[in-house]
Amino acid sequence: MTRYVLKRLVGMLVVIFLVLTIAFVIVRLAPGDPAALMLGPEATPEEAAELRTQLGLDRPIAVQYFAFVSRAVQGDLGTSLFFRQPVTEVLAGRAEPTIFLSLFSLLFALIIATPIGIYAAYRRGSFLDQAAITTAMLAASVPSFWTGLMFQRYLATDLGWFPASGYGGPDASFLDRMGYLILPSIVLGIVNSALILRFTRASMLDILGEDYVRTARSKGMGEARVVLRHALKNAAIPIITVVGLTFALLVSGAVVTERVFNIPGMGNLVVSAVLRRDYPVIQGTLIVVATVYVLINLITDLLYLLVDKRVKY
Amino acid sequence: MRLTKLRKAGVLAALLTGSALAVPAGAAGTIDVAIIGEADTFDPMVSTKDVVSIVTQHFVETLYTFDSGWNIAPLLATALPEISEDGLTYTIGIREGVSFHDGSSMDAKDVVASLKRWLEVASRGKLVADKVASVEATGDYEVTITMKEAYSPLLSLLAFSNSAAAIYPEEIIAETIENVVGTGPYMIAEHVPDQYLQLVKFDDYVSRDEPSDGAAGARQQTVDEIRFVPVPDPNTRVEGLLSGQFAFADSLPAESYQRLEESDVADPMLLKPFGWPIFAINHKDGLLTDKAIRLALQAALPIDDMLFAAFGDDNFFLTDGPLYPEGWAWRNEAGTELFNQNDQAKAAEMLKEAGYDGTPLRILTSRQYEFHFKMAEVAKMALEAAGFTVQMDVVDWATLGQRRNDPALWDIYITHSPFLPEPALTSLYDKTSRLGWSNPEKDQILTDFTTETDMEKRKALFADLQAQVFEDVGFIKIGAFNALSGTQAGLEGVTATPWPFFWNVALPE
Amino acid sequence: MAATASAGSEPTFWALLLSRRAVLVALLVFVVIVALCVLAPLVAPADPAKMSVRARLTAPGADYLLGADAFGRDVFSRLLYAGRVSLTIGLGVAALSSVAGIAIGLLAGFFRRLDAPMSRLVDAMMAFPDILLAIALVSILGGSIVNVIIALSIVYTPRIARIVRASTLVIRELPYVEAAVALGSSTVTIMFTHVLRNILSPIIVQATFIFAYAMLAEAGLSFLGVGIDPSTPSWGTMINEGRQYLDQAAFLIVFPGLAISISVLALQLIGDGFRDAMDPRLAKDL
């Protein structure tokens, strides 16, 4: 067990290094000149070239890569070309909304989707089952930016139930800021609950069809006990998988949602950074997000170990 | 585990208090302004971005500025300069008793240091640098600029908030200025990138006494605090304005006009006319270095359809050929018979005569501004009807900014400009611009135009220059368009300008 | 793919599949949509690129069956041509990521030695937020349909791979698989006869979602301003263009939105149908 965890930790470092390398390459190959962009539309090509030199963008890519990796190892993700501020500082300023947006919407999705999914599988073919799948399917069939724009328009602008956009001003308290996340969390949560519901239901159906569940039933065990004791326990693996996957979806769903609601989170930052060709910020975000993903994967795998004794390592 | 519980509690609390938070809390006398993006610098000297101008004019000032009729008016200077008969010497009086935000007071030395930096680092300053002989303090509160040759646009350049000749304390002058210190009515309190820029009243601000007129005259600090909030998505700006989050929202889509008009919360504000879309032409390399093909291109374009598709509502555009709108001093009709010919058959003939070989005409555009893309789509259809092979390169704004610097990559790129008070404020006419438009006749007219100081003669020269734009197809003006912004209902004192400012603005009770 | 795998029990499978009315309807609807799009040049009443700017935003009616867009182009005709693009993207991504995902997942789940490197690869791919990876790839490769398919397939492959690996890990240890190994069946045979057949249903469910997500992701990329070339009509680019006219011409966002949503719904129902129809067999095999 300890050896396995250690092995996974080493693997994690390998993955992060891989990600780091890929991120560097992808970002550098993209067209677009950060210098021209920073100088504005009337700047001359000469000025742009001058700024490129100043920023070190004209050095050989291998030199840039080596410098980048050795600094990254020391926790220095470079300086944002756009903000002229350390990337770690820029990212730290954006973490809060993204973390809470993801957590709220995951929670929203889990609370809604898991019980309905289990019940729908248990009462397969019933009206509730049909209604649940249909709703889930509809929810998963609409582009999330469309839902976001509609909710923003009708629930926030017209009805005034929620703030339409943003994350509060200088005097907003923590609770105020969280208030700005409610509507975006719902929008993001809806799409993800559709996935979780369907997956939960599908897994439960798989399990309910299995022999040992039938055996338990035939032994006269009550239905509720069958579901809770046998089926739920065995369905945990796929559900954990899907929660892991959904968390990944959430973070990237946050990209679109933060854009619609103008929430200054990491998703919004990353889109702006791509448009601004702010290489260090893109790299930094990728590295931080990658680390989070890898940690989640590690936790997911360890959870397999705990809930399913059939998996041996 | 405990953390999770805490987070759950947080969610619950947030959910419970959600509806109560719908009305944004703000300090009294605070104005929230939605702008189209983050200003990447607070030093207006080094940037030509409009968003930088809009923000920085509140804390950084220039010697001169423009009144509502685009006349030059003094700001940090005492009055308009004394200009010698030969147009070579400008003697500028500097106001006494003006304080910088760091507490120091402004004098001629600060002005000289700032202007010298402007000539070195600002893209507009560099245009003038080789014409300037010296900038000297000729008294504690007097600065003298001596020119090598007369250059009539100088004062306009000194008054412009874009690539601005901003006045900084001598002490902070450096290649790059990290912490901007100005003399403006507001000063930076806090900046959270991509979230807000908070400006607060500068208590030691000394306003001019003249009545306010455009950006000129008195600047009253009617609100305590101004917050600029970058909101890149136009729809989000509309929703934010309509839900009462913003007192002002810049650059809104034409399609939202109706909603703003019907709303009780907000009002539309139309800046009419705002500016002109431009098809910039590559004279350095490629297909359009051939004048005959340029003329065919100009003949084929259906300007009216392009504008209609781009703006959708006759309220938002004008199919107008002259380079300046009705009512402006520079207005004239020279060459405009070549505007909006919309004659693809004629263009086809011209192409044949020019011996066009089917080389693709590359139109470089982005969707940062949706109307650029729409105009390009309609243009493409008409150009194909005329026999052009058209290649659309739709890229993001950053990529466009890079590609257009390489003459090998494009034939036309699409941009736009506000109508500028002085024609020489744009580099389009200049042979050193990235368009590289040059012919001996035009170059001579331009030189005469910038050295001439008599307004009537300058107007005549500008008419010649305009004729050249059409006859040699230097670039193509695609009519004129209006800009829509929105204000909170009852907001008073906002001037319609491409660079809106918020001193003198009063919130409704 | 499903049909081949279930060749042995085809009558039962199809009977079961078609016994559910919802699935039947979904299948019909989807076939009609695909047929209309494939036959677009014959069916479309107008050239999808032909502009009549003065007729912009004409409401649906006699002249324009589903209205005219901001350039006065026929929305119905564009919808058909756009459908070719959107469906191609969806199908391409689902197919490409399934094949790659199954390969990676089976190898990782079945061969202990390959598990670590394969899993690292999958982990590294998954570590990128999908939209961002797609943006980055599309902005390097350029916004063509093929490049969007490649970018999105790279994004979705790990989802299949992980599910395949997790299921393989479980199935590998099942007594009858161990028995097959003991009886000397070749690894390839075991992988295909036992493992692949048994994990096909979650893969189909997942591939269905990927088909849907790929179409939705294409729309998302268009929303963020980095999708396929915006002058190529797809349902995503049509929605994105239409959203500017929500007040004046809601039909511009409604019709392509419906086209995506109906296709996605139909696909999901079909996927569910597959799953349910294969279920009894699955239970029997286990």
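In this document, chain identifiers A, B and C correspond to the written order of the chains, with residue numbering beginning at 1 in each.
We take it that a residue touches a chain if its C-beta (ideal position, glycine included) is under 8 Å from a C-beta of that chain, and two chains touch if they have at least 3 such contacts.
Just so it is clear, the model here is predicted, and its values are computed rather than measured.
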Separation of chain B from chain A in steps, with touching chains one step apart: 1
Per-chain Cα centre nearest the global Cα centre, belonging to chain: A
Higher-contact pair (C-beta pairs counted), B-C versus A-C: A-C
Computed distance of Cα centres, chain B from chain A, in Å: 38
Inter-chain centre distance, chain B versus chain C - centres from mean C-alpha coordinates, in Å: 45
Centroid spacing, where centroids are CA-atom means, of chain A and chain C in whole angstrom: 21
Two or more partner chains touched - positions in chain C: 139, 225-226, 243, 246
Contacts with 2+ other chains: residues of chain A: 31-32, 149, 153, 259, 274-275
Chain B: positions in contact with at least two other chains: 235, 396, 399
Touching residues (chain side chain A, partner chain C) in the complex: 7, 11-12, 14-16, 18-19, 22-23, 26-27, 29-32, 133, 137-138, 140-146, 149, 153, 195, 198-199, 202, 205-206, 209-211, 237-238, 241, 245, 248-249, 251-253, 255-256, 259, 267, 270-271, 274-275, 282, 285-286, 289-291, 293-294, 297, 304, 308, 310-312
Residues on chain C engaged by chain A in the complex (per definition of touch): 116, 119-121, 123-124, 126-132, 135-137, 139-140, 159, 162-163, 166, 169-170, 173, 201-202, 205, 209, 212, 216, 219-220, 223-226, 236, 239, 243, 246, 253, 257, 260-262, 264-265, 268-269, 272, 275, 279-280, 282-283, 286
Complex interface listing, chain B residues touching chain A: 7-8, 10-11, 13-15, 17-27, 30, 32, 38, 40-41, 46-49, 52, 123-124, 126, 162-163, 178, 189-190, 192-196, 198, 227, 229, 231-233, 235-236, 239-240, 242-245, 395-399, 401-403, 405, 415, 427, 432-434
Chain C-touching residues of chain B, taken from the complex the two chains share: 235, 253, 255-256, 258-259, 302, 305, 308-309, 312, 367-368, 370, 373-374, 377-378, 380-381, 392, 394, 396, 399
Contact set on chain A toward chain B in their complex: 31-34, 36-45, 47-48, 82-85, 90, 93-94, 100, 103-104, 107-108, 149, 152-153, 156-157, 160-172, 175-176, 178-182, 259-262, 264, 268-269, 272, 274-277
